[in-house]
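Shown below is the structure under consideration.
Read from first to last, the chains carry the letters A, B, C and D; within each, the first residue is number 1.
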Amino acid sequence: AESGTPDTAKRIKVAMVPKLVGLSVFKANEDGAKAEAAKLNIDFLYTGPVTASAQGQVDAFNSLIARKFDVITTTSNNPTQLAPSLMRAMKAGIKVVAYDSDVAPAARDFFIQNTAYPAFGKALVESVIKYAGPNAKIAILSSTPDATIQNEWIGAVKTYLAATYPKVEIVATEYGQSSPSQSLTAGLNILQAHPDVTGIIAPDGAAVVGAAAAIEKLGKTGKVFTTGASNPDAVRQYVKSGVIKETPLWDEVKEGQLVMYVARLAANGALKDNDTFTAPGLGTYEVKDKVIVFSEPLIFDASNIDQYKF
Amino acid sequence: MSAAAARSPAASRPSWRERRELVLVAVTAASAGVVGLVNPGFLTFENLRFVALNSVVLSIVALGQTLVIAMRGIDLSVAPLMGLSAMVCGLLAQSHGLPLWGAVGIALALGLALGTLNGVLVAALNIPPIITTLGTYSLFGGLTFLYSDGTQVDQVPPAYAAFGNAGPLGLPVPTPVLVLVLVTAACWFALNHSRFGRAVLAVGNNAAAAYNAGLRVTAIRIQVYALSGLLACFSGLVFVCYTGSATVTTGTGDHVELQSIAVALVGGTLIAGGRANVVGTVLASLFLSTVLTALVFLQVPPIWYSAGEGLMILVAVRGGTRRAGGTA
Amino acid sequence: MTMDMRAPANANAVTPRNRRRLPVGGWELALTGLLAAVVVGFGAAAPGFYTGPASLLGLTENFLPFGLVALGLSLVILTGGIDLSVGAVASLSAVLAAQLWSRFGVDIWAAAAVGVALGGVLGLVNAGVILRLGIEPLIATLGTSFLYGSAAVAAAGAEPPSGFPGGFTALGTGTVDGVLPASLAGLVPIQLVVFAAFAVLFSALVARSPFGRVLVMVGYSPDAARYSGIRTGRVLVTAYAVSGAMASLAGLVLASYYDAVRPDMGDVLLLTAITMVVLGGVSIFGGEGTVAGVVVSVLVLGFLRQGMLIAGFSDMVTTMLTGAILLASIAVKNLFNRRGTGLANQIWAMIRRPEPPRANPS
Amino acid sequence: MPGLYAAQGIRKSYGTVQVLKGVSLDLKPGRMVTIMGENGAGKSTLFKILAGQVPPSGGTLSLDGAPLALASPSAAHARGIYLVPQEPALLPELSVAETMFVGALPTRRGPLGRVDWTAMRARARAALDALELPIAVDRPARTLSIAQQQQVECAKALLRGCRIILFDEPTSPLTSHEVEHLFSIIRRLRADGCTLSFISHRMDEVLEISDEVAVLRDGLLVDVVDRPSFDRTRLLSQMVGRPMKAVPRRSVSNARDEVALEVRGLSDGARFHDVGFSLRRGEVLGLAGLVGAGRTEIAETVFGIRPAAAGEVRLGGETVTGLDCHAMIRKGLVYVPEDRARHGAVLPMTITENVTSGLLERVRRRAGLLSARDETRISASAVRDFRVRCAGLDQTLRELSGGNQQKVVFAKWMTTGPRVAILDEPTRGVDVGAKEEIYEMIDAMARDGMALLVISSESEELVRLCDRILSVYEGRIVAELSGAGITPAAVARSYLTAAAPSGGVAA
């Protein structure tokens, strides 16, 4: 594809539909996207359901189809449930760009993956085992049993553990339903019921905060370590207090920018299923089978976390 | 309390099955004991402290719900009210450094105002409580959303965190638990020994008769909904202090409205109104917290937690129900 | 029996009319007016809302599952009860049906039939808990909804089935072709036909069938029904079973619409369905209300929501407005119901001196 | 003596319906003024206005000459005016003492305003003692019988220092014996100089207790009579607006030989024991007794709505013990319950719906749906036969007066073609005119060969209707009266002797 600034002559309408509005990570995507949209002659709309429900996202898609948007970008609550509605959109000539959490491949034109799953799994393991040791007993605190991306990451964690740290034992898997309070309760329960646990891998924004809060409340800072996938604002205090030594994520603001850039290219019809392109200020990306990997995991720790505000 | 209770107006001496407090204490202790046998870690002071702490927020909401149900009403809007207050207090603290006393004032004022709105809709406009609060459920949830504008609370000032977790003056009992004891005592006194509380029960027994006996039924109804709103918003503040976080789905996402009703009814309050048990409510909430923690200690697969909660509700409500034909 | 009492030559001549024969009254008419206003209003003001009859009818696919739940739920609410488990029932039966199909290779339609039957059974369990254990419907169905919800999560596993055969997905997104005249091809969603069929069936059932009569009687006065020789238990069992079956039908339609199942897919149904029933004029205390009202209210709330979304309002504002409309319409209905001399007088009288509250029907 | 309470030109409308059209009435201290009138004449409405529960649409009230505006019931209490309501104001979950004090609980001194339970109980006890009522103040109010609820209401009025006391149909749920107790209380209050007024449909009571009778018809006061000129026939005619005469006891029995209902050794294990009787076609059998004697329980057990612990019920020779009421109705046994509003009728449903609800099977169907035309036919002929006064078949029962509601309930059951009917308090709360009509219907049904079991707490009613009377005391049949032995005095004596400490079964 072309590199540099794409053709922005025609003003287009692009919507960004997160899993739910009201979470800081998605807000960070929005911030980046908004700024980028202004540069690319895009009418930008951020809309979505209030609770993380597929029904709410489908309602949003349907209204966007009726309003003849050019591109829909979305991170899905569920890969399969959203497919019919998105396919309707594609049939109506709308380009669909998934980011963060994928939908069924047939129901989108491109997918921007945050980071490659194995890389992220490795980062999660390393940021705990480095401190808890290769013989640690660890627990997993996730969002819900059927959360796609979390399950992918957990799978990658298990694969990496088996290969690299075979002595590490996963003694419990709990779910916090993406609710900070339920994650906290689950975290407390894990630590109380399994006093020998020294690491919690919590690959979910609410879960890692809950796990960190639980460790702090039980006074186990420095004895139990946790990590997860969270925006820096949410975990800043725990990174500073040492409950969290390292936590991997990626730059959500920049990811939002890339989403808009890809949306523009897709609308222009300037992106092929296998392709490369360079986005000014973001870098060069490879499209492989419609999938674009956004970045390597970005590891936050006490030394760098204050550079990121989202 | 027992001396006072002996002189309370309790009609006839109830059998132990009808003393819901005793039943709840017994089953809670029994479940804790059994789990303790399987996994001694359950019975450590630290763990029990958290079992108690985890029940505080729900208990406070449920106390308000108890008063409303005692009056033959129902308040579904407690969940979004709790979330709204958590969000407003949390965001103001997080980004504007609102001092704790200010947050208390804001939470209480918010609860009073919106609770009064519920009360006016129910009492003056005569809209059935379940419909009123179903409507305000959407409204208050929307306010939370509009206010937060897509952001969340993930950090509160140290004063808040200290209030939510530590004990005052270095006591081992956390402040929220003490606050709950105070609020419970106040509700208990109000319901059993104040004119206001007795009037609430009279309205719950028979509103027309209460009116004819000279009670200001409309005003009482409004006051009780205001109180329920107040407690819900206060619990939202406790929540944000304890967890240090809040999102737009706080309260509604955990179905606090249904949990608070369940806990009140399990505690011995009649859904048809007229009889209420505030101590039972708090004990039921403690029981719920115990059960949910116990499931983890017993290594029950997480997907069955909610089934455990449902069973517990049915069993506990069943244990000592005097058949009342009424419905919501 | 024949009575040999010679009544005084028609001291009180009675005109044999029966105003309840038509199941519509003022409220249903008001709602219909509102529906017309909503459709015409959005049609005029929101581009994209009306782009031909197919688009308008197609919009109903987005909300008719709520309507199916509301129809079943209205039977339960007419008895004076409530069913909070409809969401969980919808999820559980859809998940189980999908698993039957994907894991055990059962024909999808047979699996769907099993799903609906299962919904009926779950409703029976609700009724059993209410009647046998003597627990109030509110708390009983709250408890069972937790149980069913857990079961749905367990049954769904980490990767719930999706990608149903084409014939099945037509249930949620297809249109009726072939049966109808060719001019209507591609116009009428199958969902709409299903909903209309159930709407007519339930309307006749409640308004004119012996079961409906008994149902309403139980709703107004369970005691009087019992003293009239009505086996009230059976009536309640039927109502809850039907509610369960309708909920699972809605779950299956959702499964077809999404071409996938999820263990929490039914959760969104409950509050909206209750709102639809109540706005439709069914009294939460039982007895009063018509299915026709519920049907119109389903369309009003559905089109209103779709219209607002298309007009660019956010999900949140739309939800808030729905709540406000519910409150305002019931308030207005109450004001007019007081057989007063005028709205203003009523409001004034209310401010000056509240009416004594209704007697306690306990 | 103060306490002159006067109403001047009181008017009241509900929407377009004018209930009171300018009523003026003087209530004087030391006098009992009775209001009589047909169902729906506006009696209760007048009382509610006098007690501040409902605002009048026009007219004025004055107390001892000074104008009085009552904004609420509590304002009325403050002025010493108390209404004992038609349905007692029960607060089921609260104690007797607390129901008496509701709205005016005594509190202790102190910042908390704690309710003073000790004082409350003592004062409640004293008020009950003053009326010689042996009711425990700690009982939950839901355990009180209707008679006891009335009595508690009287004590409640005194407790609040009210000296103007209005009683709305206090006696309709009471037996003669309990009425006597209430009247002794009323006499004491009158001697004490209280201003009293009451509503009743029972002529004998009215003539016994009143100093003055005011007759209300269609919202207007048509007659006020002083004690010396009381005249049954005149009062009756004034009430209904046409000449009426009280019909004496019927002399011929319609009883045939064939036994329709036979009950043997029936017990429910709690409230009644070893009850046996047989009832022939065309016979009217009465059940007399005190309230709480267990007559309703006996009837409900025979009807199958309550389980029996022992015994046998035979209907026309067929054993039907243990069948539920659904089956009983289909076998030809029906029961008209005593509590019309709760058990007999569904007030928000229409006349037609109520009439056909007794046996929906008889309504013709088309495609499984009830034929509206057939339903209307059934209900129209029932309304005609039972002389229900209504504006149309689609009126809800709530819009009818008590007497007409009762006629609809009668129609509901009698049109199912029963062989045996149990009538429990068939004329409770029914005005004199409608009462006569109901009596005539019962006579006609007996003539038709129906077997009837009538439960009533009014001795006169049983005497008027029955061929034979069984007297029930504490769940056992203690006496049987028949033929010339049936007189009001004999009926009352039959169960009162059983109640007397000497015990024994009266003949």
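The criterion applied here is as follows: contacts are C-beta pairs under 8 Å (C-beta built on N, C-alpha and C of every residue); 3 or more make two chains touch, one makes a residue touch a chain.
Because the structure is a prediction, the values reported are computed rather than measured.
Common neighbours of chain B and chain C, listed by label, are A, D. Taking each chain's centre as the mean of its C-alpha atoms, the one that lies farthest from the centre of chain B is D.
Averaged C-alpha coordinates give centres for chain A and chain B that are 35 Å from one another.
Mean C-alpha position of chain B lies 44 Å from that of chain D.
Averaged C-alpha coordinates give centres for chain A and chain D that are 73 Å from one another. The geometric centre of chain A is 38 Å away from that of chain C, both derived from CA atoms. Shared contact sites, meaning residues of chain B that touch two or more other chains, fall at 141, 145, 205-206, 208-209, 211-212, 274, 303.
Among all residues of chain A, those that touch two or more other chains are 21, 50, 145.
Shared interface positions of chain C, defined as residues touching 2 or more other chains, are 153, 316, 319, 356, 359, 362. Contacts between chains form some other arrangement here, matching none of path, ring, star or all-to-all. Inter-chain contacts occur between A-B, A-C, B-C, B-D, C-D. Residues of chain D that touch chain B in their complex: 53, 72-74, 77, 83, 85, 89-95, 97-98, 102-105, 107, 112-115, 117-118, 120, 138-140. The residues of chain B lying in touch with chain C in their complex are 72, 121, 123-128, 130-132, 134-139, 141-143, 145-146, 205-209, 211-212, 217-218, 258, 261-262, 265, 271-274, 301, 303-311, 313-314, 317-318, 321, 323-328. The touching residues of chain A, counted against chain B in their complex, run 20-24, 26-27, 30, 46, 50-52, 145, 172-175, 177-182, 184-186, 188-190, 192-193, 195, 206, 209-210, 213, 217-218, 233-237. Residue ranges on chain D touching chain C, taken from their complex, read 14-15, 53-55, 71-72, 87, 92, 305, 324-326, 328-330, 335, 337, 342-350, 352-353, 356-361, 363, 365, 368-370, 372, 375-377, 380, 383-385, 387-390, 392-394, 412, 414-415, 417-418, 440-441, 444-445, 447-448, 450. Chain C contributes residues 80-82, 84, 129, 133-140, 142-147, 149-151, 153-154, 222, 271, 274-275, 278, 283-286, 316-317, 319-320, 322-324, 326-327, 330-331, 334-335, 350, 354-360, 362 to its touches with chain B in the complex.
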